[in-house]
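Down below are the structures I want you to see.
In what comes next, chain A is part of two complexes: it sits with chain B in the first one and with chain C in the second one.
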Partner chain A sequence: MRCRRCKKPAVVEVRRHNAAFCDSCFQAYVHAQVRKAVDGLGMFSCDERILVAVSGGKDSLALWDILISQGYRVDGLYLGLGVGEYSKRSQRACEAFASERRVNLRVYDTAIEEGYDVPRAAKGPRTPCSVCGLAKRHLFNRLALEGGYDVVATGHNLDDEAAVLLGNVLRWETGYLARQKPVLQSTHPGLARKVKPLYRVAERETAAYAVLRDIDYVVQECPLAVGNTQIELKHALDAIEETSPGTKHAFLFGFLERAAKAFEGEDAVELHACSRCDMPTGGALELCAYCRMRDSLTGSRGPSAEEERL
Partner chain B sequence: MRCRRCKKPAVVEVRRHNAAFCDSCFQAYVHAQVRKAVDGLGMFSCDERILVAVSGGKDSLALWDILISQGYRVDGLYLGLGVGEYSKRSQRACEAFASERRVNLRVYDTAIEEGYDVPRAAKGPRTPCSVCGLAKRHLFNRLALEGGYDVVATGHNLDDEAAVLLGNVLRWETGYLARQKPVLQSTHPGLARKVKPLYRVAERETAAYAVLRDIDYVVQECPLAVGNTQIELKHALDAIEETSPGTKHAFLFGFLERAAKAFEGEDAVELHACSRCDMPTGGALELCAYCRMRDSLTGSRGPSAEEERL
Partner chain C sequence: MRNPDREVEVEGAGRVKDLLAKLGIPASTVLVIRDRALLTREDVLVEGDRVEVRPVISGGSGNS
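This part shows the complex of A and B:
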């Protein structure tokens, strides 16, 4: 097989585009997909400060690598969630990446800073993946705002987005469908802009990119996530993709281009400030879901707004 | 396990309802689901004439059995599509069912009446499943109107509907999503009402019902359909259902109850009468898709409306 662009021997095949590329043209292809995402959707500009959330896996480190080489002002954030050896290796991978490239990485350890870790938290009513998701949503946002960043970038790829979309569609979570976008603008001073610059790049393409770029990433999946719904949904989509190539791409892009508008406004919620952390939260309760979870884990309630007034 | 209703030993489990039933209570449960569909959505009334499309499989024969025992005025229609031994066995199963119960069955053989069969048709640009689907849509409608029936009933069960929904969602076929309803009212004098009274009953429940009722149905799937997209989608949903029981039910009913409204009107098309068969058809072409397919197979064009004027 020959590279579509330069006709040299190809090293990576991109079946859904019916194309193959040599090493350097493949890297150029991935960069072009990210540029199309960033510029096409106005994710951020060259003078804005970007916080990329890195896990030590292929996607987020590939994203960091791409944004650095495209000249963006980008720092990394690693959340230490205390998942034993897996977390330690992941942190080391992020630290090695940052020191080799002389870029800034912030490591934020929830056990030290917040008084809980995921394995302990998962002994409560929430699953490990639910605790982890809640912690990431809250902390990415809070740490970005505290650090003066304009935007949080995450490494979600096309396969991730398709699997999340499938989960939302299978339960017809119309509120989540309204929010499933590659760019979530800040609609409130307490909410950072969130972007997914890899949403046009398939999972095997981010893996190939990381390998070709010699990025030393952690291959292992989080051991607490084994068998979770998200992974099952990915397997289901993989099976369909096998017999109908291009399904994932058509599913995600068809949604974004034709169907997403049908759910516009379904996510409308009245936001108020959490009386503990001051971050915006919906629903009738005084505390946000994150503060409620952390309280139940650490036993420390801290003063509520009402208590402080007394 | 005990029957939820009468506490006798159970013979069938309905996991998504967290229930189990003895033979007679299970039959009553299935009948209740059909009654809920028919009465709840106003599918038809006792004095209307129903044409049930039967394939010889468990679903359509179970449906016919239920509608007969609920006292409806219902005749059967078997379409002979010429798929070798499979079609012959299927026809015999329908004929045996009808003669045992002394009910009317019309057998309509496309090779005799229309000049083509599916295996020959599938040598053209369409797949066997595409030819079969187009032929059924056209002929069920035409034969119901010609026979003076008020409504066409098909045996689509919950699993069928969930798989079709998944296919439409994966491609975001918004026009098809707008039409995916258990009742399609007649919006034109040339279109019969179409109903799916088994949409609340899962596939393994229609199979259990057919077995308990001693219905001699054809177990074999159509040999031409092996590996088709629909079957792959069913497998994918089965795999997800395995780890997340209730997914299919939540997917289909969530769509009908909350999401379908988002696609209302997306199926709006201007209809005109096909110049050959006089049935309503959309699109810019003079002939409907069925007449175009049949012409290409039989070589006979027949007079177009324009030619008849000359």
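This part shows the complex of A and C:
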């Protein structure tokens, strides 16, 4: 098998494009896809400060590596969620990455800073992935705003987005479909802009990129995520992709280019400030979902936003 | 690099795609690595080769 560009022996095959690449041409291909995403959708500019949410896995560390290589002002944020040895290993991977490249990493441990961890939280009514997702959405946003960053970047790849899209279509979650975009602009002073620069890069491609760049990422899946819905949806899409390469790409990009407009406004909600953390929240309740969850886990009521200001 | 799962011995040389077929693993869901180098489906394995078949799927939280 030969590289499509330079005809040297190939090391990575990209079946959805009916192509294969050598090491350096593959890295150039991945960088070009990210550039196309960032510049094409105006995700951020060179003078903006970017906070990349890193987990120690292949996608987020590959993204951090790419953005550093492309000269962006980017720091990392690792959330310690207390999932035993898995979290410790993930944190070490992020710290080693940052240390080798001499870039800034902030480690934020929810047990220390917020008074709960995910395994304990998952003993309540929420699943571990639901607790984790809620914590990440809230804390990435809050810590980005507190740190003066312009934008939060996450390592969601093409396969992540296709699986989420399939889940949302199967249940016709029109509100979620309206929000399924590679760029979520800030619509409120309390909401940071959120971007997914890897949405054009398939999961196998981010993994291959990480190997070629010698990034020592954590291969093991989160033990609490095994068998979750998103992984099952990925298996379903992979079964189709195996016999029909390009299906995932066509599904996701068909939605973004032709169908997403139909759902615009479906997520419209009046926002008010959470009386505890001051972050914007929708719905009739005084507290945001994150503060309600944290209160139920810690059994205590934290200071209100007004008390915090005094 | 780590993959904490199992080790298996497969009889007979052949191409990477033959190995994956024997193991029942879709090629689109893994990387096959020999001596820290990535292999394509068409690369040939010889008797005594040790390769890592590394899954690429990860997934977690969130609808949006």
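We adopt the following convention: the second predicted complex is superposed on the first by the 302 of 310 C-alpha atoms of A that agree within 3 Å, B and C clash if a C-alpha of one lies under 4 Å from a C-alpha of the other, contacts with A are read in each partner's own complex, and residues count from 1 in each chain.
We adopt the following convention: a contact is a pair of C-beta atoms (placed from the backbone, for glycine too) under 8 Å apart; a residue touches a chain by one contact, two chains touch by 3 or more.
Since the model is a prediction, treat every value here as computed from it, not as a measurement.
Shared-chain residue A:112: touches no atom of chain B or chain C. Of the two partners chain B and chain C, it is C that touches the larger number of chain A residues. Of the two partner chains, chain B is the only one touched by A:244; chain C is not. In the superposed model, A:170 makes contact with chain B only, not with chain C. By the touch criterion defined above, A:236 lies against chain B but remains apart from chain C after alignment on the C-alpha atoms of chain A.
Shared-chain residue A:216: touches chain C; no touch with chain B. In the superposed model, A:225 lies in contact with chain C only, and not with chain B. Look at A:262: by the touch rule set out above, it reaches chain B but stays clear of chain C.
Using the contact criterion defined above for the overlaid structures, shared-chain residue A:254 touches chain B, although it does not reach chain C.
By the touch criterion defined above, A:285 lies against neither chain B nor chain C after alignment on the C-alpha atoms of chain A. Shared contact residues of chain A, touching chain B in one structure and chain C in the other: 235, 239. Interface of chain C with chain A (complex): residues 1-4, 26-31, 33, 36-43, 54-64. Within the complex formed with chain C, the chain A residues making contact are 1, 10-13, 15, 20, 57-59, 129-130, 132-134, 136-137, 159-160, 163-164, 167-168, 173, 176, 179-180, 203-204, 206-208, 211-212, 216, 218-222, 225, 228, 230-231, 234-235, 238-239, 241-242, 245. Of all residues in chain B, those touching chain A in their complex are 169-172, 174, 227, 229, 232-233, 235-237, 239-240, 243-244, 247, 250-251, 254-255, 258-259, 262-263.
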